[in-house]
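Take this structure first; my questions come after.
A, B and C are the chain letters, set down in written order, and residue numbers restart from 1 in every chain.
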Amino acid sequence: MNESSRLWKDMLGRTLYRAVAMATLAFVLAPLVVVVWASFFSNKILSFPPQGYTTDWFIRAWQQDVFRQGFLLSLQLGVMATLWSLLLGVPAALALARYNFPGREAINAILMAPMMVPGIVAGAAVYIFFIEVEIRTEIPLVGSLPGLSIAHVLIGLPWTVRLVTASMVGVDRQIEEAALSLGANPLVTFFKVTLPLVRPGIVAGAMFSFIVSFIDLEKSLFLVGPGRVTLPIAIVNYLEWNLDSTIAAVATMQILVIAAALLVSDRYFKLSRSF
Amino acid sequence: MTSFVALSHGGRSSDTARAAPLLTAAVLLVIVFLFLPLAIMFRFSLNKFVPGQFMVEALVLENYQKFISDEFYRGVLYTTIRVALVSTILSLIFGFPLAYMIARARSARTKNILILLVVIPLLMGNAVRTAGWMVLLGDRGVVNMLLQMVSLTTEPIKILYTETAVLIGIVAVLLPYMIITLYSIIEGIDRVYEEAASSLGARPSEVMRLVIVPMAMPGVYVGSAICFILAMNAYATPVLIGGPEFHMMGPKVYEQITKVSNWPFGSALAFVLTAVTAVLTILSSITVQRRYGRM
Amino acid sequence: MSAINFNSVSKAYGDVQVVKGLDLTIHDGELLALLGPSGCGKTTTLRMLAGFVDVTSGQIFFGERDVTRLPSYRRNTGMVFQGYALFPHMSVAQNVAFGLERRGVARAEVQARVREALAMVHMGEFGDRLPRQLSGGQQQRVALARAMVIRPDVLLLDEPLSALDAKLRLDVRKEIRKLQQEQKVTTLFVTHDQDEALTMADRLVVMNRGRVEQIGTPEDVYESPQTRFVADFLGRSNFLTGDVTEAGVFTARDGTRLAFRSGWQVPNTKALLAFRPEKVTISPNGSAGEAANALSGHIVDTLYSGSSTEVSVRLASGETIVVTRQNSEARRGDLTPGHAVTITWPSEATVVVSDTSE
């Protein structure tokens, strides 16, 4: 083989590598782009290419109780999961990052477990547990707001603990000690010194808690009830029987909510730098 | 940095006293609402299911035996393993070039944009992405439209509700995890190794095969393990893209527990799924580590 | 083996010119050292030769072969990297065999040549080890074997000693030089350490701001610097401003006529006279004797540094001259600050340099 044909082959290889990389990126993005695109089609029956564009599908989607209520429920659960994860997770992260005690690794593993146990297995277990509790106490949990809330706090908690711990490890304890030595009491020190320093971690934890709660499928699947169905499950249930621009519009609404969460948190921490 | 020095010397009692109240609520939540339910479910998997009577207290391996002897459920497990394996391998093959491209992006700006483009689909959720795939792969979908436009076919090809479609959907779910894991490892490989190989006469493909890939092996097996576990437990993709005729373990667990209300068998399915996933993941990582050494 | 030629090579990153019109020849079998402060373009020059950096304009030749547009893997260069860059997942022998295998050398020959190369650097026993099981010095030798075993057209050494501790560095210096001479391999050596460059190189190139300041044998460049930058960067130098009034005669600011050996010979121009501190002798005022060049002044400061003492002498013109005196001369008493002295130095050790900083 002569030199120029060899170089040509290498150039072909490089082009192929770039093509595969770009195709993979397109592949990952394709379903999102297509679903947003399809939500604006004016066709009565969803088909390609579109005959025209309209925003009617969003109005129709909103008029369907299951989607409107699902949207509001998911929003409510997401906010609840975020607040409770912060309330429980930030102190836990503080303890894990600051103190050294026997069994620290084990406690960390316990707190990460909700992220590790597959959703479908955990969902099944929580469902069985809730029904057993219902039978014994007659408190309805499956299909109730408290039941769903507990599951969603569990979904968000490990993310909050993990991201806040990571940001606290980066903070020098001496900075806090400096504040204490300057006469600030521990509470003032926490709010004036520690909290601002770990704010990016807290914002990241809050954002991830909200998103993983909002998009959760497997755990919620077991716990939703009549009149109380989260948005992703409403989408999945609908998709089992229908495929039209209404569902594309609903999916686009979910995309918009998450995009909004990303934009709000973008001021405080950079998503792309947390990987 | 006193706190970090102390970490390596076992606990301090004052630390324990301070940490305990901060941790109690969170740890209790996980134990009561995850570990306890898992324990109860495991216990139930040893009960008997008597039609009409729901569940009868017992201590038998009946449900596990039923799983092993039932050809249908064995088939479901094989399908699940096959789909998980193939989709993991495909994500590895297709994820690697993009992960490499991101890790070696010239400017930080390009790198950040690429990372965001890979991660955002992950954050949008499976329900949305599955809807997207159904729009893409359906009889009147984008793919069939394109095929007909270039006259490769006149009648729409059935793509949705096939194993191929499920693989496509699952690979799309796995790719972001694989790419981010590989990217973080490749980023840590100094470019000087590529230069060294190149100056010794290695062509770009050889640099990739002989230097980058072997040095990225830790990322390859961490990424593969994550993807394999996710694929084994897939739910939305097999149900919606696979259709009613396509069976994987995740949907079967849901079906047995909520629709059939056979808790003992559903619980057994859940634990078989967990155990098989764990065993295969551990076995493969041992094999890979033996072959490539710990790095 | 072949000579390496740079034919007015330039490199620019956007508007920033890193290397400007470089013309350079590395003769067959010689060790050429590229010396200069960081950012002078020496590393870019080496990386252009290796093929890691594209050339903006100009050509690079290996003998008759124009390699300017060839990728690094088609150039046949052997490179020793600053951190060695041994492949961590390959054994020592696999590292050394890597280049031979890429060239399709038969397996038996690969083994023989790897063994030979490892023996050459006294690492014959270590073929099965992994790089992380070796000390820094051992890794360095493996890197050298790996680069030389492919019989490269040019061996490139990128600060290969900087990661070693000071004592080891002296031994490795000698070893590299010996191997390079035995194998007669054309070598480009990039360093910011002037001792390394002076002791190892056949010729050295001093670079500054992307340009070659001077090329020559170490002695040549050290004894006859052509520019202020070279005189100052390589060793230390005293400078006096004045005029060249006639051929070989420099008139200092106070009117003293000083003789010099080489440099600018155009009369009646502003000029800069340079001479080394270690060439200067201090004597009590008035006892200049027969020395060609003499100036008087008074001591302002002394700095004792073990084997020598550095004395600063302020001249009547206000300029300060540094004198390095070996402490073997047992006359330390004369050096009290304020003491009037005469400094003398030979004309052979005096040159006129151009002032490139202006």
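The rule we apply is simple: a residue touches a chain if its C-beta (ideal position, glycine included) is under 8 Å from a C-beta of that chain, and two chains touch if they have at least 3 such contacts.
Note that the structure is a prediction, hence the values are computed from the model and not measured.
Colleague: Of all chains present, which has the mean Cα position farthest from that of subunit B?
Modeller: Greatest centre separation from subunit B goes to chain C.
Colleague: Which two chains meet at the most C-beta pairs?
Modeller: Answer by contact count: the chains A-B.
Colleague: Using the average of all C-alpha atoms in each chain as its centre, how far is it in Å between subunit B and subunit C?
Modeller: Those two chain centres are 57 Å apart.
Colleague: Quick one: subunit A and subunit C, Cα centre-to-centre, how many Å?
Modeller: Averaging C-alpha atoms per chain gives centres 59 Å apart.
Colleague: For subunit A and subunit B, what's the span in angstrom between their mean Cα positions?
Modeller: 16
Colleague: Residues of subunit A that contact two or more other chains, please.
Modeller: Counting only residues that touch two or more other chains, subunit A contributes 6, 10.
Colleague: Find every residue in subunit C that makes contact with two or more other chains and list them.
Modeller: Residues 71, 74.
Colleague: Can you list the residues of subunit B that touch 2 or more other chains?
Modeller: 203-204
Colleague: Subunit A touches which residues of subunit B in the complex?
Modeller: On the subunit B side, the touching residues are 1-3, 6-7, 9-12, 15-16, 18-23, 25-27, 29-31, 33-38, 40-41, 44, 94-95, 97-98, 100-101, 111-121, 123-136, 138, 140-142, 144-145, 171-172, 175-176, 179-180, 183-184, 203-205, 208, 229, 232-233, 235-236, 239-240, 250, 253-254, 257-258, 263, 266-267, 270, 273-274, 277.
Colleague: Mind pulling up the subunit A residues that touch subunit C in the complex?
Modeller: Going through subunit A, the ones touching subunit C are 3, 6-7, 10.
Colleague: Show me the residue ranges of subunit A that touch subunit B in the complex, using the header's touch definition.
Modeller: Of all residues in subunit A, those touching subunit B are 6, 10, 13-14, 17-18, 20-25, 27-35, 38, 45-49, 88-89, 91-92, 94-96, 98-102, 104, 107, 110-111, 113-114, 117-129, 132, 150-151, 153-154, 157, 161, 172-174, 211, 214-218, 221-222, 231-233, 235-236, 239-240, 243, 247-248, 251, 254-255, 258, 262, 270-273, 275.
Colleague: Of all residues in subunit C, which touch subunit B in the complex?
Modeller: Listed in rising order, the residues are 50-52, 71-79, 81, 83, 85-89, 98-99, 102-103, 146-147, 150, 156.
Colleague: Quick check: in the complex, which residue numbers of subunit C touch subunit A?
Modeller: For this pair, the touching residues of subunit C are 71, 74.
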